[in-house]
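Some structures to go through are shown next.
Here chain A shows up in two complexes: once beside chain B, once beside chain C.
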Partner chain A sequence: MTAEVAPVRAPGAVIEARDVTKDYRMPGGAVRALRGVSLDVEPNRCLAILGPSGCGKSTLLHVLGGVDVPTAGAVTILGRRTSAMSDAALAALRLRHIGFVFQRFFLLPMLTAEENVLLPMIEAGVPAGERRARARALLARVGLAARLRHRPGELSGGEMQRVAIARALANRPRILLADEPTGELDEATGREIGTLLRELSAEGLAVVVVTHNPELAALAGRQVRMKDGVIT
Partner chain B sequence: MAALSFLAWRTLRRNPVRTALVILGLGVTGALLLDMTMLSGGLQASLGQLLSRLGFAIRVVPKGTLPFSGDAQIPDGDGLAAAIASRPGVAAAVPVLATNVYVRRGGAAFASFAVGVPRGGTGVYGMLAGRDLPGGAADDPEGDGGPIPIVVNENMVRLDGVRIGDTVVVAGAPARGVTGPSGAVRARVTGVADFYVDLATQRSMALRTGDLRRVRAMAPGGASLILVRVSDPARAGGIAAWIGAREPRVDALTIGRFIARAGARLTYFNQFAAILSTLSLLVSFLLVTSIVTLSLGERLGEIAMLRALGMTRFRVGALVVLEGVILSALSLPGAFALGLGLSGPLDAILRGAPGVPESLHFFTFGPGAAARTAAMLLVTGAAGGVYPAAVAVRLGIAPTLHAEVQS
Partner chain C sequence: MGWLVAALAAGLAAQPGLAARRGPEPPPSLALTDRAARLLGVRQGDVVEVARTAAGPWRAFRVAHVYQPPEYPTEISRTRVDLRLHLTDLEALDGAGDSVDSVVVRVRPGVRPEEVAARLNTLPLGFRAYTSDEVAAQGSSTFEVIARFHRAISVVTLLASSIFLLTIMTLRGEELRRHVGVMRLVGISRRSIAVSLLLIAAAVAAAGSLAGVGLGYALSAAINLYYRRLFDTPLVFSAITWPVLAEAVGLSVLIGLAAGAATAWRLLRRPAREQLGR
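Then we have the complex of A and B:
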């Protein structure tokens, strides 16, 4: 099956998905989560992927972010085709060029906010002095300059998501992928997070937000809708 | 690696009580491992220390035996000792005759181990008080009719009230009228000595070889053992080889060969230690595997997040293995404290067994035992982390993140 909506090919696209199909083997047989999806992700833009639960939004985000590879079709991230890359090369690509924000934050509870933000930079080998300065600047950027030493258990949901965004930005990625970033937040906090993501895209980042929240999607410059594994 | 260690350490601190309990458990199994490592080869190590302290680099014994292990004698031991003494690099060769005698004092009689040496000052025993046996030739079969000089051990002083200057009767038979190839001579106690390998209540004495032969009606020439002191320890192997070639009916045992031969007769200690060590390591392994697997199961989402952020499979695996290693490392102080504390009473129990010389120890602590124990525990910790690490490495990022959201 091919995409129902042909993508507009963007000359500077950082991610290109072409006829992407993704199947999952399940006990009852294969389940097709994506059916020939084609999509471009561009810098300086915020793209919202909308759709009901189970329509394949998160699967598409994972494939676009290189945490999963398509069963068929091709995903090219910054000019490199993911299905041709080794697991280590994909990990390196994600580490240096892609930031992830998750619905459940996935902050490490035993680390402080600052240490959580430091983590990707330590992995990337950023010098100690530079990474500490960068972590503090990022936490200040998301309004948490006074919460550096706090652990996730001492932060509100909105604050935890801000820490997660700071962590996603730690290695100065070109792409930010957010999976239901406001799913566990109240309306007002969700709006703040949406505004922050839009600001980041305005600063040059390619932002992709998966959400079923129309209000958050409305903040994005571009929206695509999904249903049953296809972009409608 | 420092970053992974830091992360692993912080992960273990998430559940301090659980981590502390596991460390305690590992400390107990580690203590058992340390004790078994000390026991395995401990007796040989103790024997080695004792032999080195005595200063004789070679022991010449009848073929296939160990010193004082039976009544076998080296034929013409005196002649062989003289030949050995004339070799370059040999400082002394002391023929020693060993047998059992009976001591009568007042109305009491008791058995004693007797060591016949050519003269005093041979280093076969260490003087504690009084005078040593006289030097010079003492193989006078007739004697001067006066009491012969003897040196006794502390047990004889402590248990039988024998004092320096006392006169006793040394005989080859337990009582007058008992038939045996022996005579009885009067002896004067000139000194008290440490005989190095005495049993807990063993009476020992030293007397001149000629006197001992007279008491036991032995033919001259034979020796139970020849102790050889060398001027250069590096030449001990060569001298031992020369002795073996010259007299095929003897074994010339360097300290290393002696320990190896003694060790071969003590394999049951090694087997015992090996079985308990294996059990200890198995329990440690299971403890680490269980706790790290349990901990991993509680944070699959976090592991998937780390992978999504760009941590490689290798580093995720290393992180989990490190948790096992850190658990083991943290258990080491407790394991050593408990193990060393227990080794004293355990050593006392085993040394209380009959036939064990007082100066030998079963549990010998040293850098080797410490290093082996620490290495085994750390390797076990790493091995315990392998299964959960394999789970973490195989974890699919997308399905795990999806499952975490669904839960």
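Then we have the complex of A and C:
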């Protein structure tokens, strides 16, 4: 079983980033990907982060999601400062409170759609009957009730992204982080995914979307732009 | 029993000292091993002629008994005909008086053979006494060398299979790299991922060892079939015993676990975002 996570704090920002700097050590020297970024992520809102390639969007998303810890500054997720947490505690935080959606879906190809959604719930210790019911309900919610037994290779790009969203929602997270979720999808499918993310934020989820797509960004209630590691 | 073992150590083809003949005469009797009977093509009641050398003189004997002697691995490659004659007949055939090269002494239960041999060796009788263990050790030196070869082969095989398994797990690990990265981002703990990798490696190793055991049984059966026919013996040349089986599967699983641990360490020491190619 994974480490315990502290209770969720009172209403307000679910993620607070303050003067966040992130450096990566590279063979040619250190690269500063984020330069003093401050940002609040609130529930019931969809936040779009826009900017050109290499501006630090994905790095910011990783720092906001507890995948990376900042080199300087502070990120607080649900009241807990990530730089003070162990790797196991961060993994537990992500497992129970944060859902991730990726541009390339990153579904496990050997598992069916249902099994991909079940995976985080198995790790979280959700009872077997409950997790199966929850997985089916989530897949029905994203319009894939008839695709439970299909493996990723048998699904279209849009369907795979829906499965990825269902997987991200499996443990009923408070936060959903999406990195270019429509990057590999056609326009119509991308619009459907955007609408789904907006609906989820309307239901109480804090949604952060990193995107190049202005149409997807327009669906978000709030937009921030990044350039060279800073929010402009 | 009144029988003496006489081993006429000559190949059947070059064995002019023994010839088969069917006839009604009631000559003295002898006993033949079942193998000798098959080689000569005779059975109980038949008459054979025996001579000390090919030049003769030949004497007829009736086959009174065909017996099955104990098989010894050291003797399987010898093509010889063993027969037993009454002592008086053997003396007559040999043209020499009563003489023996060796005497087998059977001790009573509870008596230690080593002590008996030691006591006999103190007597000034002009012979040397050995325990059956000593005789067996002298006769099995070839097998000791073969056993050492087998051990060397098994060490080399284990080493090679370990490297092979490690290579498979390394390649599999590279395939799994991105999946492991996703699982870590989703929140699956390092421990759960490491346990999964160990189980995969152990399962691959166990499946491989079970396939090897199946192959081993098939080869063992083929080896026994071939050499039993070749040497006309019921001896078992190759045997897969339970301890051997347990050792093989156990070692395979251990090697698999080690390979899985190495793969897990390689995969999990890297940050999750690197595993996703970010």
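FYI, the second predicted complex is superposed on the first by the 221 of 232 C-alpha atoms of A that agree within 3 Å, B and C clash if a C-alpha of one lies under 4 Å from a C-alpha of the other, contacts with A are read in each partner's own complex, and residues count from 1 in each chain.
Operating definition for what follows: contacts are C-beta pairs under 8 Å (C-beta built on N, C-alpha and C of every residue); 3 or more make two chains touch, one makes a residue touch a chain.
Just so it is clear, the structure is predicted and the values come from calculations on it, not from any experiment.
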Q: Using the superposition on chain A, decide if chain B and chain C clash or fit.
A: clash
Q: Return the chain, chain B or chain C, that is in touch with more residues of chain A.
A: B
Q: Name the contact category of A:Ser58: first (chain B only), second (chain C only), both, or neither.
A: both
Q | First, second, both or neither for A:Leu78, with chain B first and chain C second | A | neither
(Q) Between chain B and chain C, whom does A:Phe106 touch in the aligned arrangement: first, second, both, or neither? (A) both
Q: Check the residue A:Asp68 against both partner chains and state whether it touches chain B (first), chain C (second), both, or neither.
A: both
Q) Can A:Leu148 be said to touch chain B (first), chain C (second), both, or neither? A) neither
Q) Between chain B (first) and chain C (second), which does A:Glu180 come into contact with in this model arrangement: first, second, both, or neither? A) first
(Q) Quick check for you: in the superposed arrangement, does A:Leu196 touch first (chain B), second (chain C), both or neither? (A) neither
Q: In the superposed model, identify the part of chain B that clashes with chain C, out of 40-48, 130-138, 166-174 or 256-264.
A: 166-174
Q) Residue overlap on chain A between the chain B contact set and the chain C contact set? A) 58, 62, 65, 67-68, 87-88, 91-96, 98, 100, 102, 106, 108, 119-120, 123-124, 167, 171
**Q.** chain B to chain A touching residues, read off their complex
**A.** 3, 7, 10-11, 13-14, 301-302, 304-315, 396-399, 401-402, 404-405
**Q.** Contacting residues of chain C [partner chain A, same complex]
**A.** 178-179, 181-192, 271-273, 276, 278
Q.
Taking the touch rule as given, give the residues of chain A at its contact with chain B in the complex, in rising order.
A. 24, 58-59, 62, 65, 67-68, 87-88, 91-96, 98, 100, 102-104, 106, 108-111, 119-120, 122-124, 167, 171, 179-180
(Q) Taking the touch rule as given, give the residues of chain A at its contact with chain C in the complex, in rising order. (A) 2, 58, 62, 65, 67-68, 87-88, 91-96, 98, 100, 102, 106, 108, 119-120, 123-124, 167, 171
